[in-house]
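Chain naming follows the written order as A, B, C and D, and within any one chain the residues start at number 1.
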Amino acid sequence: MTRRSLAFDLLVGAAALAILALMPIVWPSKALVDFVIRGSAFALFATSLNFLVGYGGMVSFGHGMFFGLGAYSFALLMQRTGMPIPAAFALTLLMCAALGLIVGAICVRLKEIYFAFLTLAFQMLLYSLIILWVPLTGGDQGLRGGIPRPPFLGVNLANQMHLYLMSCALLVVGLILMHHLVQSPFGYTLRMIRDNATRANFLGIAVFRVRLTAFVLAGVFAGAGGVIMSLFVSGAYPEFAYWTISGEGIFIIMLGGWNSFLGPVVGTVILLVLNDFVTRFTEYYGLTLGIIILLFALGLRRGLLDVVLDAWRRQVTLAGVGAKPSGVSNAPL
Amino acid sequence: MDFATLATCLSSPACLVTQATGGLIIGMLLFLVAAGLTLIFGVLKVVNFAHGSFYMLGAYFALTIFQLTGSYTLTILGAGMATAMVGLVFERLFISRVYGQNVLMQLLVCYGFVLIFDDAVKIVWGPEFKSMGMPATFQVPPLFIAGGVVPPFYLFVVGIAFVIGLALWLLIDRTRLGKTIRAAAYNPNMVAALGINTGYLYGFVFALGGLLAGFAGALAAPVRSLTPGMGFSVLIESFIVTVIGGMGSIAGAFVAALAIGLIRAFGSLGFPLFTDGLMYLFMVLVLIARPTGLFGKEIA
Amino acid sequence: MLQVEDLSKSFGGVAAMQNVTLDFAPGSLTAIIGPNGAGKTTFFNLITGAMRPDRGSVKLAGEDICGLSPTQIVRRGIARAFQIASIFPSLTVEAILTATVQAHMGYAERLMRRFPLPECRDRAFEVMTMLGLSDKAAVPASSLSHGDQKLLDIGLALALEPRVLLLDEPTAGMGPEERWQMIAKVQELWERQKMTLIFIEHDMDIVFKIAQTIRVLCYGRVLAEGTPAEIRGHPEVIAAYLGTSQETRGS
Amino acid sequence: MTHAHRNRLDRRTVLKGAAASTVGLLAVPMVARSENKAIKIGMSTILSGRVAQLGTSSRNALMMEVEKINAAGGLAGRQIEMVIRDSKGQPQEAARLSRELINSDGCEILIDAEASSGAFAVHEVARDLGMLTLHTNSETSSLSADPKLHLPNVFRACRQGVHDSIVGGSYAAKVAKAKNLTKWMTTSPDYAYGRDTTAEYVSYVKYFNPEVEIVGEAWPKLFQPDYTEVLTKILQTKPQALYSCLWGGDLTAFIDQGNIYALFQQTETFAVNMADYTALTAVKNLPKGIHSGDRYIKTFPNTPANAAWGDAYRAKYNEYPTNWSWQNAAVVHFLAEAAKKANSTDGAKLAEVLKGLTIESPFGTDGHLTLRAEDQTLVGYAIGWGTTIPTEPYVTDMTAGDWKQIYELEAEWKKKKNYT
């Protein structure tokens, strides 16, 4: 069983899940539970975005549209139709895929910055729609009245502990799936396109189709993140579909590192901790955050995990062990 | 949706004049910001996310200078200069460190400064919104052209904006410096090979961008309320403009800015609740039709 | 194997290719020469679908491939390498070749399995050994030497097991001995793969040494074609081209 | 994030919270150290971003009153420790913070000083955790009027759109009759507060004066920098009167831009949010004769108590109090009174007493404020309309609203909305 095999991923995933499940027992802190739930929502979102940015070289400024759609469609399905949670979840992911297919088909042809801004435009269209369609979405006040949570298969999401475990499970499964995608033949084709789309084209790779597939897949995982978020705040807010969410996603990737699969997860933790603690001590949140950003951008010049891993690889190579250079390096745009 | 109003307006000269000038003023101010943005991208290939902050700083500088001197002319010039200086320093000290790096890194640096500038303004000028007030010269009743209402101040603003735009075009298109800038946009190494210090050149371009944004801020200050973060909505709109016009094309920015202005002016009649949506819709349509914007060239 | 008839292409009124008609026999090794701006690279671009010709046809083994997308044309067996090595900077030689083979085998979009697929990996290593890159398998393409990058670029084309291989100045920007190593390698590959090989080259010594037939392009027209011997004695060629070959050499 | 760790943070936060509000640099920290059975009250509000000023003015007023209470012995003998957090105006942040304030900071009472969207988010948390919660800033009527949203543990201690609209409507109708204004237009920010308030206002203007007809609407975005297209649209429509519930910087920008179109000379303007010091002082050339409802004016109600409070606030923070200031001050008064009556700080007991509680207050029309039992919302507060003048006191000849009339019409309104 090599480090690359699916079995290895599953093993690591199981271990991670076990640890997450034990954490609240070791530290019985409701805040920790809340933190992890939010964290898994953002981590799923950011990792899916990095699937596009880091592996596909497609910098989307509109990825938040899937986060928003995920939150809204799930919350609405639960409120309007009494369908069981798993069904609503599946249907929501389906909708995200559909949206990804439509938007992607139009966007992925475009180059770099134009791709970025066209996706942004689509996200803002969705946002305007949410604001506009008050009877359905509740407009700018968001979807109110809470989300009904009928128990299913012994899972009762009205119980914060159950929600915690469910989010952890979704996170781990989502990460395993995405890591598998990244390590699949498709994943490497995607890397080729990121590095040199023209050449890939002359090697008989259907660039458009591969990009579109990536866009749809990323959208689906982002949607799952949105679902967790809607359950956490038991509602949905237009902010979830606003471009700032996409911005935060990008920001998370930059903090954590876009060359390492788990970079976005690390980034999520950094950002949430910053957000939760900086605001406690100062009204000058922006100033503080801004300075920290500069330290990253001008100091580290890489995401945290990238820095760590590169250092580690250097160690290994020095030690003479054949280190596998990271398949990915800073390519986006 | 309210097509009736739109239809009646389109059939009445008075309404056309009023709405058109309205669109013009929105467009021209937008153009000043967008021009700097597109110029910086064209030459430095940097997406200056902090450009909205330049506009904000311009407005706040204007507020202070106006309170001190009371002369609006000085205010405009001073605000422009001051913002240009900020742009220069910003480029030399920070942006120059991330050239050739991953574009996201550049974005991140700019974003960091958006946050910093906003709080800096909060510290220096206070969190509450401010209003500069209309210079006495322009505290006069509006003109009536073909039954349409046209405030003299807006005529002035549009005029100035046109002059600035023209000057910019002459600078880029007719002068030696302009040639160098265009050359740098096309091929920096060649310019460097010619023994021109690209560092200074880039600094200058950023300062120029700052100057334009500063002017825009100063021209907007009398009629828009000043708050930390005011640069934001303007930034987004000017991005839309630059993208629609084609990143790096000043002519494109001009056309797109006017288009957006008119869309807002007439859209608010026909689609009072979807005016913003219209802008994005327009952008989507343009990019579908022309993937690199109206005047955009294929980016290497 | 490959026939082009009456091929014409002009950019903004400037004719880059005028009524070019050429026939490349199966398994032949042809050199295309001509001064800069003669339209050599344009010729390749038209064949591989990078550009659509204004007029004329391109036939591969009798099938008209004109107007097909580059991808479709590649799938039909025409592969190319570029004048400036076009590779995948951040990936390792092994990864690149494996992914290329996998694309050739139609596995490029497999989601369920894991990379590398053994069958593709083995084939990739064959190509590497063929090119003598095996020892650099784990090196990121960006840190390869210029020569190795050119080799890798050719290797990518080879991995597709093409019927027709187009090489655009395989020795461009190389030092003398590097050139000869490269050209020896090319010749060896051609002999082994039994494919139709067409290459653009500026270095006359190389051309005359290995080419079976030579086609001379000049200002978008076919100036002459024939064996090295015939071309050497061709007055127009001497006038239009060889006279200038000393300057263009190595450019 | 273990408990020990967090508690240390909390302690520091409290100091910070106090320090930040330049006040009580000494008072609260000492409390924090000595009095360990202090009661923690959590507050989530907007301290950064575009409307930070409203959040800080809420906090300032609240801290000013908390100090008085603490000095007087606190809530039923327990000193108050405020734990104040910044939501940056994002609803999901507000939700998160309120959960955190209760779950991990151990706050026993929650003060929601958010704008409407945030308030509804916090409301869901209150539903979830059952903690005593007081909304102090959201004026959206449905928050307390809609029985689906009714929660026994939640109170609203601030203005309410429908009240404003009734008073504004009757006032406007009178003016309309006197000056024969029949063609009206509205321009309000395009979000829930703007839409609801405007709709209600219009319905009451028509109710009191059936001749009034609405000839046009414009809906600028919240925080829209440029109102040109809105203004030109108004000029097209040529209404005799204009209603707007734009507020803060948006309102001042609208006034400044309207001035150069000489709008306010042509149309009688009714801007409910004009008579707020922040707006009044910001506008450079404030047109004379704009009709406005009171937000906070120290001259209305024109009582020594009110004037004294306004001056005290100004003296302490060297800024004018806002509409949000008095509401948060009032909440502290209510809590203090309730704690005295219940002689306890237990949330449930307090809620029991707060239901229908009436207190003396400088902010009441007749010197009293009441948390009405039926829908647990504030009534009896000073509410009236007047016209602006360019200098202090900025608003003159305020006519106070008649609460009897408000109650009647509010009841009908609830029926119409089948909120009952």
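Just so it is clear, a contact is a pair of C-beta atoms (placed from the backbone, for glycine too) under 8 Å apart; a residue touches a chain by one contact, two chains touch by 3 or more.
Remember, it's a predicted structure, so these values are computed and weren't measured experimentally.
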Contact-graph separation of chain A and chain D, given in steps at minimum: 1
Among the chains, which is located farthest from chain A on the basis of C-alpha centroids? C
For chain A and chain B, let me know how many angstrom lie between their CA-based centres, rounded off. 33
Report the inter-centroid distance (CA atoms only) between chain C and chain D in whole Å. 75
Chain A-chain C separation of Cα centroids, rounded to whole Å: 42
Cα centre of chain B to Cα centre of chain C, whole Å, reads 49
Can you list the residues of chain D that touch 2 or more other chains? 52, 56, 190
Note: chain B residues in touch with at least two other chains are 122, 273, 276
Multi-chain contact residues (two or more partners), chain C: none
Listed by label, touching pairs are A-B, A-C, A-D, B-D
Quick one: in the complex, what on chain A touches chain B? 53, 59, 106, 109-114, 117-118, 121-122, 124-125, 128-129, 132, 243, 247, 250-251, 253-254, 258, 284-287, 289-291, 293-294, 296-298, 301, 330-333
For the complex, give me every residue of chain C touching chain A. 48, 50, 70-71, 74-75, 79-80, 82, 86-92, 95-96, 98-100, 102-104, 107-117, 120, 138-140, 142, 156, 160
Partner chain A, residues of chain B touching it in the complex: 41, 47, 94, 97-98, 101-105, 107-109, 111-116, 118-120, 122-123, 236, 239-240, 243, 247, 273-274, 276-277, 280-281, 283-284, 287-288, 291-293, 296, 298-299
Contact footprint of chain A on chain D as seen in their complex: 1-3, 6, 9, 12-13, 16, 20, 47-48, 52, 56, 85-86, 88, 90-92, 95-96, 99-100, 103-104, 116-117, 120-121, 123-124, 127-128, 140, 148-149, 190-192, 195, 222
Which part of chain A faces chain D closely enough to touch in the complex? 27, 29-32, 34-35, 38, 131, 134, 139-142, 144-146, 229, 232-235, 237, 239-240, 276-277, 279-286
